[in-house]
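Shared chain: chain A. Partners: chain B in the first complex, chain C in the second.
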Partner chain A sequence: MALDRILILAAASLLCGIFLRERGRAWFLLIASVLVIFWLQPALPIRGFDFWTPIATLVLVVLTWYFTADDETRKQRKNTIVLLIVASVVLLLNLTRFVPQLQIFTASRPPQLETTLIIFLISGLTLLALSRLTRFSASFLTLGLILTIGLFLTLKVPALTYWTSYALRSLTGQSLDGTRNTDFVWLGFSYVAFRLIHTIRDRQMGRLPSVDLGEYLTYVIFFPAFTAGPIDRIERFIKDLRAPFAGLTLGTFYPASQRLLLGLFKKFVIADALALIALNDTNALQVKSTGWMWVIVYAYAFQIYFDFSGYTDIALGIARLLGIKLPENFASPYLKPNLTQFWNNWHMTLTQWFRAYFFNPITRWLRSWQKPLSMPMMILLTQVATMLLIGFWHGVTWNFTLWGLWHGLGLFIHNRWSDMTKAKAATWAGTPAKQAVLNISGILLTFHFVAFGWIFFALSSPVASWQVLLKLFER
Partner chain B sequence: MNHEIKPLNVLVKGLLLFLLFNLVIAAWQPRVGQFSLYNILYPGRERLPFGENPKQSYNLSLFNLDAMFASHVIAGTPKADDEFRVIVIGDSSVWGTLLKPEETLIGQLNEASLNACKKNVRAYNLGYPTISLTKDVMMLSYGMQYDPDLVIWMTTLDAFPNEKQTSTPLVANNEANVRGLATSYGLRVEADDPNFEKKSFWEKTFVGDRRSWADIIRLQIYGVMWSATGIDQFYPAEYEKAKTDLDADESYHDLTSPLNEDVLAINALGAGFHVAGETPMLLVNEPMLISAGANSDIRYNFFYPRWAYDEYREIMFDLSERNGWAYVDLWDVIPANEFTNSAIHLTPAGEKLLAENLAPYILENCK
Partner chain C sequence: MSNEIIASLAKFIAEKILKQPSKVISADEAIISSGLIDSFSLMDLALFVEDTFNVRIEDTELNAETFDNLTQLAALIASRK
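Now for the complex of A and B:
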């Protein structure tokens, strides 16, 4: 997100924090979030789709809420009001098609109004049909889960994205020449998908709190965290949303603005400066010496940290201006003495999500086998599978697969090593000095393991990654 | 003792300090460009910073001459007793568009391992890719601080028109330097030249002048990639060759025959020799493409109609003879197939040939 946009969002949030209370804030959060998902969606080469993708996000969120809400909540009148207001905002955005001066929230001229109305009609009829059903079957939730994962895969598997772009170009009557998998970018969907899956699974497990449509929409598309997280849990988020909001106080303003400024500094000063010298597909083949290769690999490791944690700080700062305390996402991950601790402190909300919705269930399932696997085998399977999935979340490509595998195997090896040497290490590190040696060597080893992993992550070709690794250890 | 921090006080004090810092910067105008990581943390650049696509070339264009020269290898190379130091000034043909540092004229001269006055010739590239004699004089005045034994000034007619002298951004953004040259060396500059970028007091503050500060910092950061890759220019896989089929057009910058001092900045040549002082300077009419395509009877190439260029050569001979300047006319020494994307840009082989042609004059001019 560009600096000017962040500053506009921060200023709007500050004004909201100062002037709005309770209901006013709730409406602001909802309407601003709806506007922002249109505002941030980049222009797409496929005609009209920079307008359709935010609408698709809204429709998907509304339908998922309908599937996951309990009967009583679903029938509340305020949901209809929310629906009408959201639809009105979208229609107003669509009407800017006729007033070019007002087209500030969309990347290109909005499409024909009739098409939007048809989409609304189909969505409305679907909701109406669903509301006629006396009781929901669990299969609806499973269907929602499959649909969300299916859409996710469509966006993450390059071949599927290519064919989707191809199909959408055909649909809009555009030339098929030059179709690329990058034609179709659905901004924020990765995070939206996580939040949707979280609520669907919690509903299936019977632990989803009762939330109305407005709260649900605000949670899923909450604008400070829409593009880069963190991935909050709905029960925590609505607790803040429902808490009395007496406006922004100096006691909240200072830590919020401090966090925001820290984030801006991390992202736009440190990370953007490091980006000029960080490892990428081009410079990986240009660097002449081993020493400089180390420098650009280190630069990438720090650039990705400052970039991502900077965005998180910005999101946390803006959210605090609005009275929402989003969860932390980073806690000095490069200062952790082992890989397990690294992953407990890097993109924490993502790892917690995977632990809750993949690692723990899969471990329980493996343990439930009549002839359970041996413990090491079970750890190997679950760690590697979890890290591969985290890799696939970034994209289903060879480089992310290798990155996931690298970390999965690393976690397994650390687990085994730690098991074998825990007692010996405790005996050896009897003095503070020895403890410090152990700790510092652990930090250095972990950091370098992670930094080598970033090579696979940063470069699109595994061959290039291998060449960089060789160059690092060339004599 | 009460250690409680009052955020409002911190905010107010911070803002006041920032304001003060800005005012000091505007009033003082510190020469921060002199401080460079080049030649300390990483090697200096073989040629002056210039680049329109920094992310690919690991190089960028900026207007701070201090920073530009501080990043150059010459700034970090003490002159050895056995070094015969040659600085070469000129336009993009000297800087070396489309050429790697070692392929440029300067690279080829150094590769030739020449020996002048029993010293090893070491040439430095102080060319800069804009064409203006005034710009060349400005670069020369900076280059003189590095104690050259010989200056080679490569030039061509297109550097002479008066209208081009201060319009190049590097000159336009360095008015004080140019006016200093006018005062000290008689360089002709109009008192009310509209090309110069005037900065208000507020534009001189840190906030107002943030682009210049950012450029200096970016130049330092790109030093890492320059050192790591040796790349300081984007080399396109393909480029359009210089035109050899030309329009039947005799015009040249709205000028008419005969060309004279009223329309050409001939005065700048004299100022340049004045700047060089006792240091020998070799003025070179640089090679250009002589096309044999359509309308080549009217024009030599895209830049020059024959009448203008022929008159220019005569003027240069007359001037150098009258003033006793060391002058070499190498206008036709490079065959047409050794030019790249412009009538003055050479291939590596062309540069080698040029270096071979120039070498005897370097040896001749040592004293």
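Now for the complex of A and C:
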């Protein structure tokens, strides 16, 4: 997100924090979030889709809410009011098609109104049809889960993205010659999907709290966390949302603005400066000396940390101005003495999500086998599968696969090593000095393991990554 | 009652997870956020709790926010018994 946009959002949030209370703030959070998903959606080469993609996000969220809400909440009148207001905001945005001066919220001129109306009509009819079904079947939830994962794959597998672009271009009657797999960017979908899956799974397990449509929409598309997380849990988020909001006080303003400024500094000063020399596809080929190769690899490791954790600080700071305390996402990950702890402190909300909805259920299932696998085998399977999935979350490519594999195997090896040496290490490190030696060598080893992993993450081909690795250790 | 639960949890963690039977784990010591117990062993702990005390701990609850020390875990167990 560009600096000017962040500053506008921060200023709007500050004004909201100062002037709005209770319901005023709730409406602000909802309407601002709806506007922001249109505002941040980049222009797409496929005609009309930079307007329809945010609409698709809204329709998906509304339908998922409908599937996951309990009967009583679903019947409340305020949901209809929320639905009408959100639809009106979208229609007003669409109407700016005729007023070029007001086209500030969309990447390009909004498409013809009829299509939006048809989308609304179809969504409305779907909702109506669903509400007429007397027995609300649990299979709808499974269907929603499959649909969300399917959409996710469509956006993350380059070949599928290519064919989607191809199909959409055919649909809009555009030339098919220039079709690229980068044509179709659905901003924020990765995070939206995680929030949707979380609520669907919790509903299936009977643990989802009752939330109305306004609260659910605000949770899923909450603008400070829309593009880069963190992934909050709905029960925590609505606790803040429902807590009495007496407006912004100096006691909240200081930590919130400090956090925001820290984030801006990390992202726009440190990370952007490091980006000038950080590893990428171009300089990986250009750098000829081993020394410089180390420099650009280190620069990338720090750039990705300052960039991502800076964005998190910005999100947390803006959210604090609005009275929402989003969860932390980073806790000094590069200062952790082993890989397991690194992953407990890097993009924490993502790893917690994977633990809750993948790692733990799989581990539990493997343990329940009549003839369980051996412990090391189970650990290998679960760690590698989890890290591969985290890799795929970034994109289903060879390099993200290798990155996931690198970390999955790393976690497995650390687990086995620590299992074998835990008792010995505890006896050996009897003095503070020895403990420090163990700790510092652990930190250095872990940091380098992670930094080498980033070589796969930063580059787009396995061959290029391998050449960088060779260069690092060339004599 | 709560002390008994804590003692049995501490014994399980020291013996089976950390493999250091003589290690003392105090009731208020952070066990998850400190990295003492990794995610795999956390499932061991959950299964031990489920078998021993006959209460269910959900997959989504195995994190430092739900419980991070033995006092909190014992309270969670007691509240579900």
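Following the convention adopted for this analysis, the second predicted complex is superposed on the first by the 475 of 475 C-alpha atoms of A that agree within 3 Å, B and C clash if a C-alpha of one lies under 4 Å from a C-alpha of the other, contacts with A are read in each partner's own complex, and residues count from 1 in each chain.
Criterion: a contact is a pair of C-beta atoms (placed from the backbone, for glycine too) under 8 Å apart; a residue touches a chain by one contact, two chains touch by 3 or more.
Predicted model only: the values in this text are computed from it and were never measured.
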### Message
A:Ser460 in the overlay: touching chain B, chain C, both, or neither? Say first, second, both or neither.
### Response
neither
### Task
May I ask you to decide whether A:Asn415 touches chain B, chain C, both, or neither, giving the answer as first, second, both or neither?
second
### Message
So in the superposed three-chain picture, is A:Asn360 touching just chain B, just chain C, both, or none of them (first/second/both/neither)?
### Response
second
### Task
Go through the superposed model and pick first if A:Trp292 touches only chain B, second if only chain C, both, or neither.
first
### Task
State whether A:Thr282 touches chain B only (first), chain C only (second), both chains, or neither.
first
### Query
Is A:Gln204 in contact with chain B, with chain C, with both, or with neither (first, second, both, neither)?
neither
### Message
After superposing on the shared chain, does chain C or chain B touch more chain A residues?
### Response
C
### Task
Provide the residue numbers of chain C that touch chain A in the complex, in ascending order.
18-20, 23, 33, 35, 38-40, 42-43, 46-47, 58-60, 62-63
### Message
For a test of understanding, state which residues of chain A touch chain C in their complex under the given definition.
### Response
202, 205, 207, 336, 338, 340-341, 344, 352, 355-357, 359-361, 363-364, 367, 379, 382-383, 415, 419, 422-423, 426
#### Entry: In the complex, chain B residues that touch chain A
7-8, 54-56, 217-218, 221-222, 224-225, 227-231
### Task
Spell out the residues on chain A that touch chain B in their complex, using ranges where they run on.
250, 254, 273, 276-277, 282-283, 286-289, 292-293, 295-296, 299
